[in-house]
Structures are given as C-alpha cells and as structure tokens.
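What follows is a pair of complexes built around chain A, which joins chain B in one and chain C in the other.
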Partner chain A sequence: MNPSRNLFRLSSRVTAFSPIRTQAPIVWRRNLSDELKSKIDKAVKEHDVLVFMKGNKEAPQCGFSRAVVQVLQIQGVQDFKTVNVLADDEVRAGIKEYTSWPTIPQVFVKGEFVGGCDIMINMHQSGELDQLLRDKGVIKAEQGEQGTEAA
Partner chain B sequence: MFRSTLSVASLRQLLARKSVITIASQRHVSRSAFLNSFLNETPKMPGPMYSRIEEKLRTALQPTTLEIVDDSAKHKGHAAMRGVTGGETHFRVTAVSPKFEGKPAVQRHKLVYEILDQELKDGVHALSITAKTPAEYQKLQGS
Partner chain C sequence: MSFLARRITSRSRLSTQSLRLYTTSPSTPLAAPSPNYTQGERTIHEKLANQLQATKLLVSDVSGGCGSMYSIQIASPLFKGQSLVKQHRMVTELLSEDIKGMHGIQIKTEAV
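Right, the complex of A and B next:
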C-alpha cells in the first residue's frame, strides 16, 4: 500500500475517536464572494428602498414577499427596487450571508437592513415604518398613510 | 397543535383523566387556544421538526410563553414546495422571553434564527416570528 494512503487511514482513525467525529461532517461553503458582497453593498446604497424578494413587484412568488411589497406600497413608497432572488442562486445564498438573515424577503432602507416580513408588518402597524421612511427622507411629510383607513 | 412532549399514549391518558386543562395552564398555553385546537382540528401529532424547534427554543430562550404553529399544510401547493415530502416546512413561532430585553426586533429575530439554524438548513422553509419580552406581552394582554 502506498504510504501516503496509509497516513490518511491513520489520520482518519484518530478522528474516529475525537469528539469532532460525533458531529455531521461540515463542508463550509462560503456563498458570499467579495465580488458579490461589494455588488450588494453598492446596490443597497444606490436605492433608497431595496427589497430582495421572490418574484417581482408585479408578480411576487411568495406570500411573504407579496406582503412586504404591499406594505411598502401602502406606505406610499412609489419607487422601490426589487431583486428577484429566484433568478440567481448565488444572490439567493449570498444575501442570506450578507445580513446573517436566513429568510427572504429582506428590506433595506438607505443601505440599512430593516428586516423581513414580520418586522415590516409590525413596524407598519405600529407606525415605526412610517417614521423611519420619513426620517430617512424616503417619503415626504404630506404623503403616506392618509386615507388608507377609508379605502 | 399538541405540545410535542406528550406522546399519543400519554395524551389519551390525560384525556381520560380530564386533566388536560391543568397541563395546558402549566405549559403556558392559553386555555381557549388549547381547547379550540381540540375541538376544531383533527388531532395531529407534532412532527419531529416541530419537536426539535420546541425543544431548542425552550432550552435557549427559557420562554414564559411559547406557541408554535405548524402551517405547512396551508402551503403544500407552493411552487417551492413541489417535490418536498413529509413537509414540515412552515412554522409560526410566538415566544415571550426575558432574553429579548433590550434588543431591537432585528436582533430578536436573529437570535431565534441562530437557535434554529440547523432546522432552517434541514428543511424549514418559512419561519414567522413574534418575539416579545414579558413586559411587552403583559401590555398586549391587558389592552
């Protein structure tokens, strides 16, 4: 037997008794390349409101994504940019690593990660989202929620 | 929507002894929600994923209230769910824990995501989270 192979066998035998062996073999795959990271960095800064979602504004592919789009529209955000993660597996995996947030949708306002669907809905209900969008200058003082109750 | 730690046999025993309500209150399940789940839904055993989620959250958050709802059945037809079998995929979690104190919403959600990291990797597709501190929860109940 070839000696290097023997060495390999020996080393694998040693690990058989180490505590590491009890865990599932972990293959650490980094999804977020530096290139993708800087692309996301740039995109979130370029757009006042950027949503990573499944599908697009017109045809959301998931109820949670749809809810976020609707919340933004009700809030009077006219012109927000969306990224369809279903169109690009690298972005889909990379964005989760970028924010350490495992689910889609993800909403950024002025480069800052605000949250996913639950947080957007809660902030919408509590008025925090309205406040945030005004503070950041995304919506103007006179626009926004007026009249939505009557509709 | 049974609590996961009860086995079929022990549930039957409990039903026979009519002591379910006591158990429900001990486990911080609101009585109406618990009884409703009895009356309205076909009894369904919690799946292995449900149990894993419950155990991990109980251990890590020490919650004063914990409700987990398996919504998977409502999402079976989704495009993303095609070909997925045995699907425990969609969950709603309401957790009340002092560990959320002083943390903004994003941090609270991240904490839950971290605790359930492996579960999310192992097939949980959607996780809706409501994370409150005991004080916030009390205020909600009062209103």
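Right, the complex of A and C next:
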C-alpha cells in the first residue's frame, strides 16, 4: 500500500469541512455571494414576471433579449420587470450561477425559472407559454394574443 | 495524394460531395458528425452524441466560423419526461467548458 496514498485519503477526511479539500462535486459559489443570492430570491418572488436581460424593455441590447421582450409583449404581459445585467457585472455572473444557466436572457415567472430565449420562443409557438401565464394568473382571460382558433 | 488530403481537411461548405472517411455500421443509433463540420463543431458534436445518446444532432457554427456562437439541434431518448429547462441544462452542463469561450449558444432539444 502506497503510504502517500493513505495520507491523502486521511487528510481529505480530516479536512472534510473545508470545501477546498472535499472530493464531492461541489458547485463553487465564486460569483454568487449570499447577499446577492437573497437579493435575487427576493426580486424573483416580488415580481410576477422578471427578466434578466441585456439592456431593458425599451432598449434591448441583444437580439435574444429583444426576442424575449417581444414574446412577453405579444402574450400580453403588461408589466414585466427587467434587470439589465450589463449594468452590473456581479449580477451578470451571479445570475448564471443562481440558475445554473450559462446564458442571458433568463425569465422568471412567479419566482420560478422558465427558461431563456430558445425555450420562450418554443413555448410561445406551442402554446405552452400562454397556458403557463394563464395558470399562474399573469394574464387574464380577456388578455393575451388573439387566438387563431377556428370560429 | 497530398491534394486529396487538403480537400478532406478543407472547411469549405461548398463541397457537395461527402467524403466518407469512416464506415458507419447500420446498427449505430448515434447521429454521425457531418463531414463538412469545422473542428469546433465536430468537438461539440462528439461530446454530445456520445454522452446524450443523440439520435439526431446538428451542430452549426453560426458565428461565421469564429467558434463564438453555436446552434445545436439535438434529439435524445434521455430527454423523455424532462422539462425543457432540464433538457437544456443537460446539454449545457456537458459543454460548460466550451461555453465559457462562446458569446452565445442556441439550443433546440427534442425527446426522441
């Protein structure tokens, strides 16, 4: 038995509490401070629909962010809030760790992460998004896209 | 002979002839990489095809060959029963290192 091998195993047991030595797959919170995490927690619960994007509703600064804004507007979501990640590097990096999602934009509905641009467009086309927004009470019966249902 | 080698490694998309450099056995369910792939596309394709048992997979460099934006269309039986968010996460987790160097990524998943 290789003595140095034993030593290594021993040392990792001894320093089990130190996240640096543990062998379990720990997700390092390099960008997401506890403070930022609770700020994001609070923001996504506070607003019915919250979008982390590049730019803002009036002036999106990325094609994918713009697409998400347009989809929400078409669905009749009147007052969704947006967070401009370009204005804050900590949020830009932190939100990606918060959701384990590598890209912006990110859409939250009633505190739950729904997806990015690809998912929003997919759900919009399939009607799933409309259903989700109605189920969560974000859009009311009279609002929303004029359906293309047969008369 | 060397002329042929240059043609094979060319990144030109204009070539309509696909030079089969490998044999695909008819029983393999994994989506094979296109012979016209760039190096970046091939790397991503191989990672995803193997680990997600992709039955359909198309990786496209949509940044004009720069490798900074990829579009991925993938169908896999492993996606069955998973939410879209979970399906996308399965893809991005496998590519987490590659994504760090990209400006963007587009993903379309299908449970097949």
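One rule holds for everything that comes next: the second predicted complex is superposed on the first by the 117 of 151 C-alpha atoms of A that agree within 3 Å, B and C clash if a C-alpha of one lies under 4 Å from a C-alpha of the other, contacts with A are read in each partner's own complex, and residues count from 1 in each chain.
By our rule, a contact is a pair of C-beta atoms (placed from the backbone, for glycine too) under 8 Å apart; a residue touches a chain by one contact, two chains touch by 3 or more.
Every value quoted in this text rests on a predicted model; they were computed, and no experiment measured them.
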Partners on chain A (chain B, chain C) - clash or fit: clash
First, second, both or neither for A:Q61, with chain B first and chain C second: first
Touching partner for A:W101 - first (chain B), second (chain C), both, neither: both
Residues of chain A contacting chain B in one complex and chain C in the other: 64, 100-103, 113-119, 122-123
Contact set on chain A toward chain C in their complex: 64, 100-103, 113-119, 122-123
Residues of chain C that touch chain A when the two form their complex: 84-85, 88-89, 92-93, 96, 99, 104-108
Residues of chain A that touch chain B when the two form their complex: 54, 61-62, 64, 100-103, 113-119, 122-123
Complex contact set, residues of chain B against chain A: 78-80, 105-106, 109-110, 113, 117, 120, 126-130
